[in-house]
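Chain lettering (A, B, C and D) follows the sequence in which the chains are written, and residue indices restart at 1 in each chain.
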Amino acid sequence: MDTYVQGILILAGINLMAVLGLSLLTGFTGLFSFGHAGFMAIGGYTAATMTVKFHWPFIPALLMGGLMAALLSVFIGRLTLNLKGDYFCIATLGFGEATRLILDNVQYFGGARGWPGIPNYTTLTNVIFINIIGIIILANLIRSRHGRNMIAVREEELASQIVGINVFKYKMMSLMISASYAGIAGGLMAHYMTFLQPKMFSLIKSTELTIIVIFGGLGSISGSVLGAVVLTALPEVLRSFASWRLVVYGLAVIIIMISRPEGLMGGYEFTPSSMRKLFSRLKKKNITAEGGK
Amino acid sequence: MVQFLQQLINGLSIGSVYALMAVGYSLVYSIMNFSNFAHGGVIMFGAYFGFFFLTLFHFSFPVAFVSAALCTALLAVLIERTAYKPLRERKAPFLYFIICAMGASIFLENLVIAIPAIGPTFRTYPEIFSKEPFHLGLLTIGRLDVLMFIISAVCLALLVYFIDYTKVGKAIQATSYNIKASALMGINTDHIIIIIFALGGLFAGIAGVLFGMKYTVYPQIGMITNKSFIAAVFGGLGSLPGAVIGSILLGIIETFTSGYISSQYRDLIAFVLLIGILVVRPSGLMGKTTEDKA
Amino acid sequence: MEILELKGATKCFGGLTAVGDVNFTVPKGTITGLIGPNGAGKTTIFNLITGVYKVTRGNILFDGKDIANKEPYLIADVGITRTFQNIRLFKKLSVYENILTACHNNAKYNVLDAVLRLPQYKREEKQLKEQAENLMEIMGLKDRRDLVANNLPYGLQRRLEIARALALNPRLLLLDEPAAGMNPDETDQLMHLIFEIRKKFNLSVLIIDHHMDLVMGICEKIMVLNFGCKLAEGTPSEIQNNTKVIEAYLGVEG
Amino acid sequence: MSKKITAILLTCIMIITIGMTGCAKPADTAPTASDTIKVGWMGSLTGDQAVWGQCEFNTVKMLFEEINAKGGVLGKQLEAIGYDTKGDPQEAVNVAKRLTSQDKVVAIIGPNASGSAISIASTLEQAKVADIATVATNPKVTVLDGKVKPYNFRVCFIDPYQGAVAAGYAADVLKFKNAAILYDVADDYSQGLAEYFEKTFIEKGGAIVVKEGFKGGDVDFRPQLSKIKAANPDVIFMPYFFKEVALSANQARELGITAALMGGDGWPSDQLITMAKDAVNGSYIVNHLDFDDPEVQDLKTRYKAKYNQDLELNGFLGNDAVLMLVDAIQRAGEVDSEKIAKALETTDIKGVTGTIKIGKDTHNPEGKEAAIIKLVDGKYVFQQKYSPK
């Protein structure tokens, strides 16, 4: 595999890590965030500080990045989680932009000029490894009472309260886990790019992540995986279109939203049992089709 | 004192630019309950329409002004028909609208860049009004600022009249209060939505032309409209007076932050205020509050 | 012995008093009815009891303890749960998932147990599943196990909502118009079901409904509400013969 | 049900296509590699800096055509493969990887943004392909922590130098005592120049009376300018790009500020003149070259003839990057990316922006003098070559 394809896969993996977190928040808990690039930035700068200034090993540094993002999310969540629908959305948007603007002015991290010389620790192997762990954790969480409670919050907030679910607590838990995933993704990004610049974590990045989650299908982990790979690769496939590339991308987003709003997977999952079901149904269809002849 | 007054004038003038843009956000929000991020792209098109009408077709200024506004109204309706209507019919959650709107704004901005005849260069309006400002003692007020202030005021007054005193306007009010009930009461909500987008587009065109005249025309105008969106949130999304007051307030807060605190952190303070106001009063200064009924 | 007692409960929305100074009790183990014309404030009382609305004045005692103004999920924890007038199921989840979700408080494992699939998770998750299956059995929903809640027939949706409420092992169950939109046959079945679950789960029930046969048929005690105030209270036969109640319902002039 | 299957199929197809583009290309192009020399280009074709990126790429393509018409380099034809970076470092890494591992280019020209140029360093090192940055002026593009990056080069001077030139010229030649700075806080270039201008100006005994910031995308600078006016400086240093320069200069004059304006290589553009001719009259610019130099006229006319547009600053630097590369290929004697990188280290040629003699420890053009330009009645009038003492 040449470095280009490898590079895209690494990027897809980094995006996936952030998207997994966002998927828990958006797909499973029903909260929409436009500030996840902010959490990525926090994670990225923290992890880079740990490896560059304190000479920590890579994995603990990443975890530290995730932790810092989670801590910050507690603060943000306290303030904003009680907001309804798109007001929460707008508040996260404000948070994301504010994070970037602060980083633009922190000369310790190089300010807007960026921070070069971060060691290149991110490899395809460790990205895949971390993603697999991320997926397992998420899948296990979803299929526990805690995950079910989050889904209940998404489906019907009032009814969740009535069956004894502490809605605020589960929203917060979801936001925290989601932010720590984004933080780890930011750390991976820092050690892949070997360079950090606040510009990298703009509103566009947050939007991109949300688009991936919706494209893959809300409430489907396998959808997020597919979405991250396809949508990271799409702009690369379109690369030869030069300046028309983003025109096509914008158009594609609209078309996806209006033609397949449930996303690629539409809430279904690729699991061994679902695959078995799919195949058996396909077989049945074939048999009836043949019988019809 | 001079400094203070000058900053106040600066703030008012910036605020009135935001106000014209914010009205479009609020109009759409009042009916559709989502933040139409494609509005920035439409404003940008308005600026280009005005520019080309003036330079390429040599229209006189009033004609160019009006035709640009009509073109953007058409564009806004077109976007609604192609991008939002299918979602509306499917009763998609508001996020789909927002994502679709963002897709549309990426599309519009890059379309302008990709079309060779327009391209990424920025354009300058021919000088229609003298750039020489009025002087009041030590204070200066730009001619264009005064003009913009007047045009904004007149347009907003017309809009308020339209909404408060015409039949269509009343239907709009009813629809913004409760879209389902209005549909049951025999209001054609589909038409109302078209009218709302046309109005939003009209204001986008006006804002675009005035913006282009005052500053310049370039594909990334949409970026500045984010500020007007914040202004609309300040005032309370969906409320027209809120949008205007929020805009003026934001303009003044911004200038005083630059003038007396730190211009480096000006935008940061705007965002912190945004979060603050959402926490304290989510529906903004003048927004309508709704209580969830079980 | 009362399980629930409202003492001067009042709720105002702005200047409007939706519920004014209501006193009444639900005796332990009984089925109590709450009736009254539309807009009388019946659902508001449910919302006050379950903490959806904050009480403006007054106390709500559950088992002798004040529960007014607690968060809804805490009220659920002390053992009160309800159904809704306009059904509020987890629409996109299956019947089984709806019930399973509501069972959550009967397990104690934490997030770490879940993520690492520790023994406690496995043990308790098994119990939850058994409980959910068991409830489906009792409520006669077993054959619709994997159907998405939104696709259930109306009557079964109501039934599922009750099943979901029972998953909490409540001591007091509030039913908001459980028979709305049902035909006499279904109403009859529902009556039996309510009787049955009361016995099986050792419940007290407070019920709002417009079907007089249902209310009169199963309630041991009825309270009538009009314009947010208590109009009458008593046994079904007392209520049936109460002139004030008849006036309120029939609008007799005079 | 069928919808779901189509969706899954669609995804599979997409993944396969991606895989194909990944694997098939090198095999296709390998046999033709012997008679063409592939050179990569990267820069902004979309986004804020698209004007310059498009001009730069056009220049490179034009020069390659001309060279090819004259028989090419080492008897081989030059081929330019260019991709858009949107000015985004992440995109730049993708582009660098694509150029080096799939298109198998021997060297890369661009990008114009420092952030992009910095972030591709490790990719270049892995692939052993050299990059010649055009207007990436951040010192960290080529040198980091005192160590030179083996595959990063540039044709332009660097931020500290440019900032120092501006400050030195303002203090020593123009004898200004009090300076104000207005800069873009969210832009790396602007932050860099502001920082070094401030440092040098204070060293020279001047005072920075006020330093104000704005954020890229802003169009109204009157709040900051009002404050600057109150501080009454002799000169306002405006290290950002021409669009904002035009707007802020107009607004400064509108507010009655009479101080001289000064800027860096983000200024030169015809757009600036069209929009703010009177406002910027008498301003000073630190530039890479003198636009009226007889030696650059030929390039300007050729470009104008081909694209019917005026050549922007990036075009001149793109031209020099091409000259530098062609020279290196010729001296390397063969089309080998590592040998070309080695040859680039000993570059000593004359380009349109002056003598380009690459320093071995910095990979920057050493001793390249800046051209001071004064704007007089809408014309760029060359003042002198200047380098600070």
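Here is the rule we use: a residue touches a chain if its C-beta (ideal position, glycine included) is under 8 Å from a C-beta of that chain, and two chains touch if they have at least 3 such contacts.
Only a predicted model underlies this, so the values are computations on that prediction, with no experimental measurement involved.
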Distance-to-centre winner among chains (Cα means, whole assembly as reference) = A
Select, from A-C and A-D, the pair of chains that is joined by more C-beta pairs in contact.
-> A-D
What whole-number Å value describes the gap between the mean CA coordinates of chain B and chain C?
-> 48
Report, in whole Å, the distance between the mean C-alpha point of chain A and the mean C-alpha point of chain C.
-> 39
Give, as an integer number of Å, the spacing between the C-alpha centres of chain D and chain A.
-> 34
Chain C to chain D: how many Å between their CA centres?
-> 70
Going through chain A residue by residue, note those that touch at least 2 other chains and give them in order.
-> 101, 105, 158, 243, 245-246
Which residues does chain B have that touch at least 2 chains other than itself?
-> 110, 113-114, 264, 267, 294
Set of chain C residues in contact with two or more other chains = 52, 84
Write out the stretch or stretches of chain A touching chain B in their complex.
-> 26, 32, 79-80, 83-87, 89-91, 94-95, 97-98, 101-102, 105, 158, 203, 207, 210-211, 214, 243-247, 249-254, 257-259, 261
Quick one: in the complex, what on chain B touches chain A?
-> 33-35, 82-83, 86-87, 90, 92, 94-96, 98-100, 102-111, 113-114, 226, 230, 233, 264-265, 267-268, 271-272, 274-275, 278-279, 282, 292, 294
Contacts from chain D onto chain A in the complex sit at residues 1, 3-5, 7, 10-11, 14-15, 17-19, 21-23, 26, 45-46, 50, 54, 82-84, 86, 88-90, 93-95, 97-98, 100-102, 114-115, 118-119, 121-123, 126-127, 138, 140, 144-145, 184-188, 190-192, 215
In the complex, the residues of chain A that touch chain D are 1-8, 11, 100-101, 104-105, 111-114, 116-117, 120, 189, 192-195, 197-200, 226, 229-230, 233-234, 236-237, 239, 242-243, 245-246, 260, 264-266, 268, 281-282, 285
Using the touch rule from the top, collect the residues of chain C that touch chain A in their complex.
-> 50-52, 71-73, 76-77, 81-82, 84, 88-93, 97, 100-105, 107, 109, 111, 113-117, 121, 125, 128, 164-165, 167-168
